[in-house]
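Structures are listed in the sections that come next.
Next come two complexes, and both contain subunit A; in the first it sits with subunit B, in the second with subunit C.
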Partner chain A sequence: MTTNMTTLAPSASEKFTQRALPFILFALLLIVIPFIGVSRGTLTLFNHIGINIVFALSYNMLLGRAGLLSFGHAVYLGLGGYFCVHILNWIADADGSGFWGNVPVFSLPIFGFAMGALAGAIIGWPSCRRAGTAFAMISLGVAELMSTAAFMFDSLFGGEMGISGDRMSGPKFFGLSMGPIEQVYYFIAFWTLVGTVAMYAFTRTPLGRLSEATRDNAERVQFIGYDPTRVRYLVFIFAGAFAGMAGGMSAVQDEIFTPDSLSLIPSGAILIATYIGGIRFFAGPIFGAILMTYMGSNLSDYTAGWLLYLGLMFISVVLFVPDGIAGLVFGFWRGIRSPGRYALIGKWITQILGLALVATSVIVVVEVAYRWSDGYGDVFAPFGFDLPHNGALTWVIGTLPLLAGILILRRVKRTESEA
Partner chain B sequence: MTEAALQLIDVHKSFGHAKIIQGLNLEVAKGERHAIIGPNGAGKSTCFNLISGRFRPTSGRILLNGKEVGGKPAFEVNRLGLSRSFQVSNIFANMTVRENVRCSLLYSQGHGYAFWRNVGSSRELQEKTAWVLERVGLIDKAHTPAALLSYADQRTLEIAMTIAGDADVILLDEPTAGMSHSETEYAVELIRKATEGKTLVIVEHDMGVVFGLADRISVLVYGEIIATGKPEEIRGDPKVRSAYLGDDAEALTLGGAA
Partner chain C sequence: METIVFSLLNGMIYGLLLFMLSSGLTLIFSMMGILNFAHASFYMLGAYFAYTIMGVTNFWLALFLAPVLAGGVGMLVERWGLRRVHVNGHVAELLFTFGLAYLIDEVVRIIWGRNAVNYKVPEALDFTLFTLYGSNYPAYRIFILFVAVFMLVSLWYLLKRTRIGLIIQAALTHPHMVGHLGHNVPLVFMSVFGAGCALAGLAGVIGGNYFITDPAMAVQMGPIVFVVVVVGGLGSLEGAFLAAMLIGILQTSAVSINASFSDIFGFLGLTASSELGRITVAQLAPTLPFLLLVLVLIARPRGLMGEREV
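Our next item is the complex of A and B:
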């Protein structure tokens, strides 16, 4: 056989910089974070980010890689998480003897993984027979069913209060008691890295490739000898498993699970985070998880309207930036290394200016509107300017920058399409 | 005579009340290059869809190397050694040319649904991929996303994916449709080379291609085969000439002359 191996497969150095290096940098970053003097609150935020990174990546195994739109992915995180909270209690009850007495809390994500896989295998069996709209509708039904059922079975799901556990029980693992937040941080960091590497490796397996092939053209897959239903089903099990792993991480971090965790709300949130991050890139869901978790925990301190901003952002991404944050980041990286970088930088600055103008108006309108509607008589006063709902200045700032911003953005778009 | 590679016995296919295939009998010997021609709407594509498992026959038997395949799902028919191309390019548009071919090789290379190995670590898989790409002349475009290929290159990729899995019976559905004259010549040469030693069944409108390539020709009209024979027998057959009216009949003559 004649071979052109050299022209086809990437070289060892390309493989290193494209595949190994990002993970090494990621690992280093994870190790360094606690040393830069962050507060307990910030570490908790990082822990939630880690959980959501694994969750979002597992969701993208379905949405981005397999082309399956699920509205119920939180079911697998929830079931994995519940299982792990129960295990926390079994470990505590076993008090050092028997099987559970010897299970370190550090290993819980493995049990979450197994539970997620089992749930995926059972629920996926009927749901993966169809792709497209039917699959999406079934996932929606399953999510509703599971969260309703969770409220009915109190002994398993603990009713409205949920079930809680104690992560400090059981044998120590490498001297980790899992009590202090730093130790939990390293636990989360370890499993985030494991999950990320494993899910990246999955994209490079025959099954991972077939899942992309099935997304692109399920019919053709049949004519290269594969059953697309089987491909979807297997991918679904893995997506459930990694979501369950995130559930195990969450069980240790928060030590509680409630039936709400199985509902449509967290399922919708992870859909939005994944999409905003960018479903066509492996790293996209990571960006999305970081941004969404940060916004959820910090923006809510500043404004009651943060969900509205999130919604606007989601719609804008769907309409104008379908490749998400990852698309922007990689586009920027390509752009600044291209010969036309100065023209591009000019374009970007103009676009940022346009966006800033639009955002100014949107923020003023939203902030004024909800203060006016809640009836407490609060007045939105940024930088000391009073902006009451019936003030002329309010409506000038609420409209003129918006119009100016839209004009600027349209102009950039037009010159772009002419070029 | 040895066992036929492909045998259709009294195959019928109806969609509701519309009887598209009405008692199709066809036998293709091992290693034969067989063309199916016929006017538009005669049921040629339906015939391919029945053989390849895309449709289930209403009645009748379809034998691939003596094994019943009628009504089996397409992926099982494929695993039994039959591969087909499509009239409209049917590729994995968001993947590169190399990935398209590599995916088409996975099953025949014994990778199944594996999730425990890396596609990059199988040397055989890489070599076979490169070999297929070189054979069809797409090696220089290996890293191009399939959606960005020119039309003719997409058709070539379609053929590459069809032959990649080493099936011994190859069905090609209008492989040169929409190609220019020089592209057609190139495609015919490619088909001849790539299907050497294999059984080929081809549906084609270009009579030049048909008469140049086929060992035997079957003429399908209104869901029935009205004639089967060597190219010169078909050319002279009055039934065939009357089935083809006007321009088509002329094409038959021109094709015969070419």
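Our next item is the complex of A and C:
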């Protein structure tokens, strides 16, 4: 039997809609955002989202593509970022003369990229000899080592205060002084797009393909003549490089880096963001980065328990939705175009109802618990209902919807597995 | 001499505490292939449970009940959480415990507050046992030593000399065969997970008032316990013991050495005014376990006593 390979390959229009169109739309979106009249605070949020998109995508090169679980990816962002803050100061000191005097601040992510790659090449060499759990533990150890050691070298890392710079120094690039937040936005948008396209292109290279093969079966990769350790090492360097690039973007946006940026906390945050977004899809980390950055900056204004919600959300994703937000989004997109869409929509509505019931109880319990714990005597009063910690109504709302919601969700799942 | 004796004694106690934590982690790892990221959270739970129980009754009841409670929480986690994610592979399991650590941290903050609680050494043990080189040595430290050693000996006896231990060891390597022989392997897994968490809880009961009981104690202890397990060789109890003692003594002695790099490497021309020369050995102490981890993994990737490449 002969199969005509040309009929299996995607047609030119399919290639366009699947590979080029999403990026064109993404670029248009990035350009349009400042014109819809957003406030300075929102632009700052968008800048942080852009940084985290690049960071999360670089993290997914390891976790999703190469199957390497790292607990220390912030090290590369931090080192790239620190290098760029130093460069900011060198540019300011050079005052227009010499090499640094001619470097525009706009190009900083390139230096961050190089520094991240260098750090990845040095640290990756001992870590990438192992995969799986051992790799995860080594990355954890390296992150702790770096963040504790950073406090010893004040001239490099600036101690507790960190190191700060001034993004307005140096030559202008296309008339951008980098002072106003709009200009920083375009800087971030440009590099976010560059990073996203470059990392997508990376997945299409032989190395990107091999990294996925190594994740799935390292032994077979060895059989066909490639060295899995080498593949992991190379991917690790690229992942570090793109994280360093995000660091360079962050150095310009925030103009400061502290040793805490190397620690386990930002590494854990990006792990959570990437996983919630969905590690099996290229776009997953983008969704995750947008949601987590938004939650991190806004949810903390509404509730003291946002870290708890974050943890609950992460655990629920690990337990019930291993494909993350991207899995949900693409599943919805596929379902809505399939012939059985009406049955599916019915199922989704039931599931959303169940989830809403569970969420109601969880929110009530968490909010009441935090107010009880604070001891200020605050009472959680949503929509005018008083819900004190010792009120009967509180306990009814805290338990009954939860049970009802769980029952509904289980029922949906059972009918699904029967069908 | 004085410093050496004290460092050795304190280092040994710290090392034994580390081993209590890492023995549970090692057991769980070698049985289920899960590195329980939330292990140190159970250590913290043990300390907080003991604090609460001690407030109601006394320390001795807490010493018994708090680990049991921590173990119970662990069993629930295994039954309703880990067993579900098991189908999604080891990375999902590790991530689940990672999220769990976050949750336990926050829940502890809700229940017991953000600041350290006043979990004190019981009065019956709060006296000077002996005087060494003119310094008083508290009895509680020796008590920790005894509890740890007692626990270790019973663990060793349970695993190596009893029928239960035999089944556990068999389930480590041949879970299917053990299942075919009529043993309830999931129950064995759940019990081992619970027992590991109970051990961590016990370490928390006796370590919580030796150090400090606050919501950050899990985050501080966690990474060091992982270092112990990896340096010792994943899955090896003997290795974990060696590594725990090594790190315990290393870290405790380093804290008591005030010499700076310029004192040690002065012959290389390192001056006290340079940044590198100013660093003292005591300052270096928190980085030592991680330095050791990286060095060991470069020289010997399977750890000190590890039998297999993991």
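One rule holds in what follows: the second predicted complex is superposed on the first by the 414 of 419 C-alpha atoms of A that agree within 3 Å, B and C clash if a C-alpha of one lies under 4 Å from a C-alpha of the other, contacts with A are read in each partner's own complex, and residues count from 1 in each chain.
Basically, a contact is a pair of C-beta atoms (placed from the backbone, for glycine too) under 8 Å apart; a residue touches a chain by one contact, two chains touch by 3 or more.
Computed from a predicted structure; not experimentally measured.
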Touched partner set for A:Met292, first subunit B, second subunit C, both or neither: neither
Touching partner for A:Ser155 - first (subunit B), second (subunit C), both, neither: second
Which superposed partner A:Leu145 touches (first subunit B, second subunit C, both, neither): second
Touching partner for A:Ala326 - first (subunit B), second (subunit C), both, neither: neither
Residues of subunit A touched, compared between subunit B and subunit C (which is higher): C
Which of subunit B and subunit C A:Val365 touches, first, second, both or neither: neither
Which of subunit B and subunit C A:Leu43 touches, first, second, both or neither: neither
First (subunit B), second (subunit C), both or neither touched by A:Gln222: first
Doubly contacted subunit A residues - partners subunit C and subunit B: none
Footprint of subunit B on subunit A - complex, ascending: 1-5, 7-9, 201-202, 204-210, 212-213, 215-217, 219-227, 230-231, 234, 238
Interfacial residue positions of subunit A with respect to subunit C in the complex: 63, 67, 69, 126-127, 129-130, 132-134, 136-138, 140-142, 144-145, 148-149, 152-155, 264, 268, 271-272, 275, 305, 307-308, 310-312, 314-315, 318-319, 322, 369-370, 372-373
Touch list for subunit C against partner subunit A, complex: 29, 33, 35, 81, 84-85, 88, 90-92, 94-96, 98-100, 102-103, 106-107, 109-111, 113, 219, 223, 226-227, 229-230, 234, 275, 279, 283-284, 286-287, 289-291, 293-294, 297-298, 301, 309-310
Subunit A contact footprint on subunit B (complex, rising order): 52-54, 73-75, 78-79, 83-84, 86, 90-95, 98-99, 102-104, 106-108, 111-120, 126-131, 133-134, 139, 142, 161, 164-165
